[in-house]
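As structure tokens, here come the structures.
You will see subunit A twice below: alongside subunit B first, and alongside subunit C after that.
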Partner chain A sequence: MNRIAEQLTLSASDSPNNQLDGGSSNICGTGVQFELASGNNPAAFTQQYTDVKSERDARIKMDHGTTTLAFKFKHGVLVATDSRATSGNVIASQSVKKVIEINPYLLGTMAGGAADCSFWERVLGMECRLYELRNKKRISVAAASKLLANLVYRYKGMGLSMGTMVAGWDESGPGLYYVDSEGQRVVNDLFSVGSGSTFAYGVLDSHYRFDMSVDEAKDLGRRAIYHATHRDAYSGGIVRMYWVKEDGWVAYPLEDVGELYFRYHPEIKLTHAAESPLAAQRAA
Partner chain B sequence: MSYDSALTIFSPDGHLFQVEYAQEAVRKGTCAVGICCKDSVILGVEKKAALKLQDSRTMRKIHRLDEHIFLASAGLVADARVLVDMARVECQNHRLTVEDAPTVEFISHYIASVQQRYTQSGGRRPFGISTLIVGFDPNNTPKLFQTDPSGIYYQWKANAIGRNSKTVHEFLEKHYAQDMSESDGIKLAVKSLLEVVQTGAKNIEILVITKDGNRTPNIQEIEQTIKTIEAEKVEEAEKKANKRKPATPA
Partner chain C sequence: MDAQFAITGRDFVVSVTDKAIVHSIVRMKNNQDKTCRLSSHTLMSVTGEAGDTSNFAEYIQGNVRLYSVRNSQDMAPSETANFIRNELATALRSRKPYQVNLLVAGVDRNSGEASLYWIDYLAAMAKVPYAAHGYCAYFLYAVMDREYTQNITLEQAFVIIKKCFAVLKERFMVDFPDFTIKVIDQSGTREYAVADI
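Up next, the complex of A and B:
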């Protein structure tokens, strides 16, 4: 199953002599390769220790607490994430950077294993740069996401945990792909990834329109993250927002979700108690 | 001491003789010419005379590498077969990983780097072919590239490879015009091949590639083109003769 991926990703161990029959490709760069577990089925071996679905105690637990979202609209792609990292019941950090700046016109988001995401997206950044140098033009978002998907497909079943969105702007306009460590790679106008994604989807799906203005898009992204952090225990901290436009991405000032509460919460008429006749009596 | 027996040895004056001998093999192959026009690109090849018992349809000199990229070679036909297959795989590889059609430059670079690799390791000999790679890029610009056994590749407006290519190339230099129409391009390709192919239409094969597709003019069309060329030649000659005639005194 992984043989196709092996052929399509030139590994660092390919010496010039080995490449005689393969030809030198401008698509895949040097790639990065790790030693796999020994034996003919490394996936089966590592799966015992990292399989997220199994109940065994010995497995290495991966935390997925996060909310990240991205959507395409008329003026580009808006990317927004929270910044909380949890290990078990402890909030490890409230200021994690979950948006990875692959290069000045491509962004990747982080969900799942932080190390997996940041490492492989940096390798992707290297491959994208090599592509640019070899082919004298920017890499398309489709190709960049494909490279990332192929890179991690080699390690499918071996415990990588990564759910990332690749956002950028190329010749065919704004581009957005979702790539994960299971080997999935799909295209869509709107994605949200992480434990808080269900809450974010609710807000996004209610108000999303392709022809939003930039300010409307920013508000929607901020709002969706806020609502997710409000309800999901594993999301919180600050909202990190980026706008990818034709000539690259721009980062926006950070906003604390605690402060956003006071901006957005009065809009929600949640408690009947505030409007009930009893409350009016008590106030009087 | 002979410096030409092993591939990986330079001669004292900087030659790789095996590569140069490979280029000799190319000069013995049948001629091929490529011409870039305004909205099309023309490939013309000299077809070897079909032997009586041979099915001439199986003799292919023009190979398709991808939707809109074609290759014609001069030199060792078997080497061409191998290189064409490698190039076809690389085109599909490109489509798979990049989700986009390869540019003509990309595949020419690939073919050239394969040819170069075979000039730098022991135990293998260089490919004995030069290639003309023609086609359209995804942005609809016509392109023509040439590779040779040493592994170089250059873009050309028009070029020729194979036997008598020098003559054909000089002819092209004299008669090539920027932004020609398709029919002018076909005429020029046939004219330039006629310089070296004496026997006429049945030994010439043309391929016309436009951004929407490609077509192979049949033998009647080529014969028609040749007739037009000959008529034009006669016209030219008459004009010249009329100019030279002295004015009769009144």
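Up next, the complex of A and C:
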């Protein structure tokens, strides 16, 4: 891994002034600069190591183990995610924050490469703030998602892995877009992304209505994440839920999916139920 | 797995595309419009690689509109198709070619002639009476070859399109729930629902 890291980093002597074939990349107008891999074709070079179709052992394997979902309803947008991170067969963490707070009224979700998502959504946050300062009004969700889509499109094929949903509330009401590192940008009322998304879709599609109440929406989001974590090995941990309303988002208390299991299946009893740590909670 | 085809008639062109956006095994969206309005009488349906489709379509749309503004006159369909093909060909041997398959349909406002141009991702172009892109082409060309005649009316074109839907439903492994059907004629562009053709 170290050898690859060395190859991918330009040394101090390779300043942008004496340009090699690689040189540096200035993201159009953002002032954020970083150096691309040296060589004639940085994209082809990085693709060898991150291309999903490649068989090489050195491939950096991107894990998309996650379940994230978001849906628009009458009172806003509900965003819910799990919190598990896996590396190979090991659970690396059960408390990952997969919802990125871009600004007080825009949220982004994380699926794919954690660094790719959090870095580019941070850049998006910067661009949104600059928009506000220049135009004296909040940026629309459509424009914010388009900014993100254009940013990552420039790096298409170079190994970024990001599948994110941008949720917010603007002048035209609740807004929800799906943006990924392939350059795809889609608008819809309901999305689920990640390895557990198919399970979440099953629950969401059968109970979703636009005119739900806030409590019904929270329950649906919680249920969908729970069912996905129940069946998908790469999703689990806790349910993180946010509600985006007109004046910004609110975060909800975290819920462990293990405890949700017993809450949703009251008929399941542990053999030594009286001594179980959850007995007191279930009795309540 | 996108369905994309079009048929010309006496003085109109019908363009049909499916409405699904698919990501791996999930259908993320069921009501996507895969056509791009270039002018009041020219339309381009675009399918292919995820980000390239929207980026290329918006780039072409902007340039065609700029021409209209600069020259107070819309580009003719043949001019539009050739411009598009040229852009695709220039990008082909650049750092990143666009992987998009297009059908450019239009009616010339002066002559009233309807034309359809098939352009593939390698920037090959052909002016044709009817065409299809993707897997559905394997099923639809035979149907269109058998049924098509010159100077058909709109009703006859709809009959052919319904036969196309029937063969896809019967034989193609992917079931398309809905299609975007657009007709361009002398009076402009209008959309039809599947139930109304």
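Everything below uses one rule, namely that the second predicted complex is superposed on the first by the 230 of 284 C-alpha atoms of A that agree within 3 Å, B and C clash if a C-alpha of one lies under 4 Å from a C-alpha of the other, contacts with A are read in each partner's own complex, and residues count from 1 in each chain.
In the analysis below, a residue touches a chain if its C-beta (ideal position, glycine included) is under 8 Å from a C-beta of that chain, and two chains touch if they have at least 3 such contacts.
Values in this document were obtained by computation on a predicted structure and should not be read as measured data.
Using the contact criterion defined above for the overlaid structures, shared-chain residue A:178 touches subunit C, although it does not reach subunit B. Shared-chain residue A:90: touches no atom of subunit B or subunit C. Judged by the touch definition given at the top, the superposed model places A:186 against subunit C, while subunit B stays out of reach. When both complexes are overlaid on chain A, the residue A:140 reaches subunit B alone and has no touch with subunit C. Applying the stated contact rule after C-alpha superposition, one finds that A:157 touches subunit C and leaves subunit B untouched. Shared interface residues of subunit A, touching subunit B in one complex and subunit C in the other, do not exist.
Residue ranges on subunit C touching subunit A, taken from their complex, read 21, 23, 25-26, 28-29, 32, 49-52, 54-55, 95-96.
Remark: subunit A residues 41, 43, 149, 153, 156-157, 178, 180, 182-188, 191-192, 197-198, 201 touch subunit C in the complex. By the touch criterion stated above, subunit B contacts subunit A in their complex at residues 86, 90, 93-94, 96-100, 106, 109-110, 113-114, 117-118, 121, 124.
Within the complex, the subunit A residues that touch subunit B are 8, 16-17, 19-20, 23-28, 135, 139-140, 142-143, 146-147, 150.
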